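Note that the chains take the letters A, B and C in the order they are written out, and that residue 1 is the start of every chain.
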Amino acid sequence: MTDLERLLAIEDIKALKAQYFRGVDTKDAVALRAVFADGAETDFRSESPTGDPAFHQHDPDAFVRNTLYMLEGTATVHAGFMPEIEFLSDTEALARWPMNDRIWVEDTSLGRLPFITLTGWGCYHDRYVRGPAGWRIVSTRLQRTRLIVG
Amino acid sequence: MTDLERLLAIEDIKALKAQYFRGVDTKDAVALRAVFADGAETDFRSESPTGDPAFHQHDPDAFVRNTLYMLEGTATVHAGFMPEIEFLSDTEALARWPMNDRIWVEDTSLGRLPFITLTGWGCYHDRYVRGPAGWRIVSTRLQRTRLIVG
Amino acid sequence: MTDLERLLAIEDIKALKAQYFRGVDTKDAVALRAVFADGAETDFRSESPTGDPAFHQHDPDAFVRNTLYMLEGTATVHAGFMPEIEFLSDTEALARWPMNDRIWVEDTSLGRLPFITLTGWGCYHDRYVRGPAGWRIVSTRLQRTRLIVG
């Protein structure tokens, strides 16, 4: 991997993660699904003290469907801060990505979330692989620093 | 546009947007004006439910003047998160730029803003063009996700 | 410095600053110390109205020790936004780095901080130098926009 190839890969991965955040916040299932490789691991056990298996899957179609179902009737902001990206090879990278999220339940009649507002901080631990169509997330795990619900 | 030229353009556009935020937050009219091309469109209609025409102009001199007038006596923080930048040609790019802003009115005697504190989230939709002096904003529109005033 | 070298330097400096934030927030003394050159200046006088000399030093070992001592028993989030980086030469750069920090005192029995929660905004003014081991911070100063303690 040349220096230029590494910089291009970093930029691609940053744009991919930005698309992930946009996909969640605009509730765009196609944009959100497209950032994941088939079979990608989504580990959000930090969000579920009761160990609901939906929070840890290897099924990005189900992840997208569940996530957008839970977020129906909400306004959300997911913000990524400054990542640290490390390349394991020309086609594999790890990233630590600090984040902040806000959720406002606007339609409380749906009753899908156990809060009205959420403010959270944490760090994504991601693995990316480059395939024929470019870089994709093959594994993402959210570690929480703090979660304030109201 | 080579890969290297594209990376340089991305970095230039990120630095330009950072200068925009600094210009607003340090109330630096020269730095703020310099990020816009002449005649640039500034569409902040999301900020004005009453449709005040000052919130949608093609006059960056007036935009800078009005903005800094309104923000006199305030402390502000405008933060940009992770953009998605798309090139239409070697000299034209679009960007989606998630943001958060905070305003604290410190001198309430001026009475220029209808709140004491503001916390907002949204997304800039920008168009950039590269001219002889480098990349400039030719159009910016702020779409709001959430606005909390107190 | 070629264009490519400049882009690589920018990426290195961004990763270094991300490591600084991680070092503070994960209380990792080794990671935190490694971002500083020996003798680096750490100017946090904005944090100390009483002029405590520990807030302005040229001793990164002491800075790391003091910082992690003060933050024992807390959860923290330090987030960097979009920097402006300017090169003075091939081996020296300045950066303005807007930031937000949150501190939650979880173990109040230690009594090391005069608050339970802190929410702050500001801008780092940093100087970086490239030595044999890569870019390092040789000087950092935090300027505050706003500080809210509870």
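Basically, a residue touches a chain if its C-beta (ideal position, glycine included) is under 8 Å from a C-beta of that chain, and two chains touch if they have at least 3 such contacts.
Since this is a predicted model, take the numbers as computed values, not measurements.
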Q.
What's the rotation angle, in degrees and to the nearest 5, for a C-alpha fit of subunit A onto subunit B?
A. 120
(Q) If I list every residue number at the interface of subunit B and subunit C, are over half of them used by both copies, so same, or under half, so different? (A) different
Q.
On a C-alpha centroid basis, what's the spacing between subunit B and subunit C, in Å?
A. 27
Q: Quick one: which residues in subunit A touch 2 or more of the other chains?
A: 4, 7, 81
Q) Okay, in this complex, where on subunit B does subunit A touch? A) 3-4, 7, 10, 81-85, 96, 98, 100, 121, 145-146
(Q) Which stretch or stretches of subunit B touch subunit C in the complex? (A) 4, 7-8, 11, 14-15, 17-19, 21-22, 25, 75-77, 79-81, 102, 104
